[in-house]
Amino acid sequence: MARAVTSRVKLINTAAAWFVALLIFFPILYTIVTSLKTEAEAIAGFNLIPSFSFESYVAVQTQNDYLKPFMNSVILAVGSTILALIVAIPSAWAMAFSPTRRTKDILMWMLSTKMMPAVAVLVPIYLIFLRTGLMDTRIGLVIMLMLINLPIVIWMLYTYFREIPGEILEAARMDGASLWGEIWYVLTPMAVPGIASTMLLNVILAWNESFWTIQLTTTNAAPLTAFIASFSSPQGLFWAKLSAASTLAIAPILIMGWFSQKQLVRGLTFGAVK
Amino acid sequence: MATRETAKLARIMRAPSIILLLIWMIVPLGMTLYFSFLNYNLLTPGQTSWAGFFNYSYFYTDPAFFQAIWNTLVLVLGVLLITVLGGIAIALLIDQPMFGQGIVRILVISPFFVMPPVAALIWKNMIMNPSYGVFADIARFVGANPVDWFAQYPLFSIIIIVAWQWLPFATLILLTALQSLDGEQKEAAEMDGAGFLSRFIHLTLPHMARAITVVILIQTIFLLGIYAEILVTTNGGPGYASTNLVFLIYRAARLNFDIGGAAAGGIIAVVLANFVAFFLMRAVGKNLD
Amino acid sequence: MKNYTLILWAASSLAMAASAGAQEITIATVNNGDMIRMQALTDEFNALHPDITLSWVTLEENILRERVTTDIATQGGQYDILTIGNYEVPIWGKQGWLVPLEFDDAYEVDDLLPAIRGGLTVDGQLYAAPFYGESAFLMYRTDLMEKAGLTMPESPTWEFIGEAARAMTDRSADINGICLRGKAGWGENMALIGSMANSFGARWFDENWTPQFDQPEWQEALQFYADLMKDAGPAGASSAGFNENLTLFQQGKCGIWIDATSAGSFVSNPEDSTVADSVGYTIFPNKDGIDNHGNWLWSWNFAIPTSSTHQEAAKTFITWATDRAYTELVASKEGWANVPPGTRTSLYENQAYLDAAAFSDEAKAAMDTADITKPTVQPVPYTGGQFVSIPEFQGIGTSVGQIFSAVVAGQTSVDDALAQAQSLTTREMTRAGYIQ
């Protein structure tokens, strides 16, 4: 697009865009800034320059044992992603490379399970978890998170696998490769980027899931979502501590998110927008 | 490639996910349906009895029920309005030539990755708090009285928080669609003398129509299920001013221990969601070919 | 190689020996100051009972109630010790969900305050051990009262409090004449509003279980509360509970605070409270002519669900935590002003405690006069001062609390709120079978 753009126009665009961007980012920025203040500073009034005190980060661990919910979030996000991949990869594989007449219907049906409102099954799931002893266990939540994100994972993998050209497979077969060889040496290297992208998105979705992680946990398996939610009515002054807890909770996912913009678009629109 | 051998293998590979999702869909939903016809309160388990459609009528005559349905609709439409209009505007802005476009993108998409409880607490305590929040500071600076957001405008406050979280998603999708607009078409239109507005209405917007549809439908699915933001800020109050359908059912189930009533509410939520799902599937289904 | 195996064997047998008889008990409790102190003293307990490990589940009050109730109703067995109030104890004791508690003589069970003990006894059997008891009283800033030229009478009427609060209010200095609970919840704002209503001569239900929100007494009480909050209450009051008001008072932003007697130890603690030396205490107000001071009586108690598999160990812990020796332990570590109050008569005969806790006289007086068997001036079919001891009250109380919180938020008028409360409560009580 060879169009001469005056640098004046470019500067105006830059100013406008940066203004809007900073406005949107402001709550996050302010939280990070406040996490570096002392509690007294935090309620003293609007101030963008903190004293760079790390006492809140220390307090968040010593007073509230932050590490436990943090580790739970990690375990749940990673665990459910691995479990989802184990189930989804063969499925997406089969549907991408051996499609049948019903493949389209099956995919649409999987999509529809994602649209069932979680609250509709709150009662039976809650009771099942109670009776089977899965309540407040990490394994129970890993299974739940796997189930609710499975449709997205399968869809994403399906759209990635479909992009792998079939000619390469045929070429490999004509060269005498076995089915296993076909899969391992030819297809897998081409599928890895797609699988990695799907993993990234699933980790983000699982980390941020805030319905079942709150309903089905009390303390043992409570991840950061439940932990932070319990800060809604604390005793004593707490703003700097809340900011520290929040910053730690969102930092990993924020960074991962910055790298996963494309995956987000593909995954959450079920491939409808690329 | 689909030989009989690979076809059988394919069926085996598909099976686990299909079976899991089948069980996941049927069993809990079936149980909910069953419970909805029972008088079952967890606190008085010995008095469980058959209730027929009583739970549905009781839920329906609950003064909070219509308020909750209304709130749900207002919440969804409010967020959609802000995110779609805002998303288009910001996408257009970011698409312009500028310095540091990459960083602008990163800043703009950040709210989407903040987990809902954190987003809600940040807004509740740091920004909207009438004593210590940023909005209160601004109000005092211009000499006005600070607004007690969650007391005076509870639903609106929640709409703001959720819209802040979803604006990045809409912006990103719309920006992606925008950037796929053929540069040559734009230039041709310009050379034909079409002004910015005319170009926007007749060229850009139709091109983005599909993306806008997808944004609306995807977001609606998620917005129908807003929960954490309400739990952490207003708890549905004051009164029922910020109670949506999800929260109403959550209260029935977890706070009143009314299993039967909550189940009936759940079935109603499913019916509502099915309306939306129907349209989404049509739009996405087109992509499969 | 051989040495290594030997060491491994030795280590594992040591581990096995240590764990033989080791039990872990899970305690579900509330996140208030006394419980945080108790958790900090876990080592002391372990010194006496090394074979019992304590696993603490600390939750905010509303969440705690919900989790604990669900667990016990479904016989979930997640917890070995429940921290519940004197609301749940009689109901669950009667349903056979709690283990009856028998103590030996060393425990001195007769030392327990009669009002408290009575609230935990069903058919002569004790079902929970209290570790904390409270009534409600009025705390005020002596300096602000002086500045307003007023003297706090020994038994203030609500009319006087209304005057005093409005006189002390100074919005420009961020001083609120009075801070009262506004946050929705049957144990939050309804505890205060319920007691207030009692002291205005109102009652929840008449002898036929008909809700009484349409009666003049409730009208007067709620109108007074709403007007007072508007004129002299803090901003954001509709989401302010005990914790929020405590912070406000400690920072000097409240002229008067009517709430639980336990607040006394927090507002008089110079470490957290900026106004620690200017606090006065007096009895819960009443409407002029009504002989009722609210009858707020609450105890946090430890109970053992019948689904627990470690009942003996649980009982050992409960005995330790509610014994006289425990209060002495806390006193030795944190001073007498910080011991959990309101459970034993001996505490109020202890001069060291009476000296350290400036509010102890008023607190004990409040507890002695609280009669939850006869909470209102008019006859009622229920017991309970700031609550109603029926299982349905949890749901009803919270819903009504939501409605009344909306009044404070300026979202509903007093008349509308009372009408909504009346229809909602009638609906629920009819469904539950109380009203035919």
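Going in written order, the chains are labelled A, B and C, and every chain counts its residues from 1.
As a working rule, a residue touches a chain if its C-beta (ideal position, glycine included) is under 8 Å from a C-beta of that chain, and two chains touch if they have at least 3 such contacts.
Worth saying up front: this structure is predicted, and the values here are computed from it rather than measured.
Taking the mean of C-alpha positions as each chain's centre, the chain lying farthest from the centre of chain A is C. Of the two chain pairs examined here, A-B and B-C, it is A-B that is joined by more C-beta pairs in contact. In terms of their C-alpha centroids, the spacing between chain B and chain C amounts to 38 Å.
Averaged Cα coordinates give chain A a centre that lies 16 Å from the centre of chain B.
Contact with two or more other chains is made by residues 254 of chain B. Looking at chain C, one finds that residues 70, 74 touch two or more other chains. In chain A, 127, 232 are the positions where the chain touches two or more neighbouring chains simultaneously. The residues of chain B lying in touch with chain A in their complex are 1-2, 6-7, 9-14, 16-18, 20-21, 24-25, 27-29, 31-32, 35, 90, 93-94, 96-101, 103-119, 121-127, 132, 134, 137, 164, 167-169, 172-173, 176-177, 183, 186-187, 210-211, 214-215, 218, 221, 224-225, 227-228, 231-233, 245-246, 249-250, 253-254, 259, 262-263, 265-267, 269-270, 272-274, 276-277, 280-281, 283-288. Chain B meets chain C in the complex at residues 42-45, 58, 63, 129-131, 146, 148, 150-152, 154, 234-241, 254-258.
Residues 31-33, 57-60, 62-63, 67, 70, 74, 76, 78, 183, 241, 243-244, 246-247, 272 of chain C are the ones touching chain A in the complex. Interface residues of chain A, counted against chain B in their complex, comprise 1, 3, 5, 9-11, 13-14, 16-18, 20-22, 24-25, 27-28, 30-31, 34, 43, 45-46, 87-88, 90-91, 93-95, 97-100, 104, 106-128, 147, 150-151, 154, 166, 169-170, 179, 204, 207-208, 210-211, 214-215, 224-226, 228-229, 231-232, 239, 242-243, 246, 249-250, 253-254, 256-258, 261, 264-265, 268-274.
Residues of chain A that touch chain C in their complex: 127, 130-131, 135-136, 218-219, 230, 232-237.
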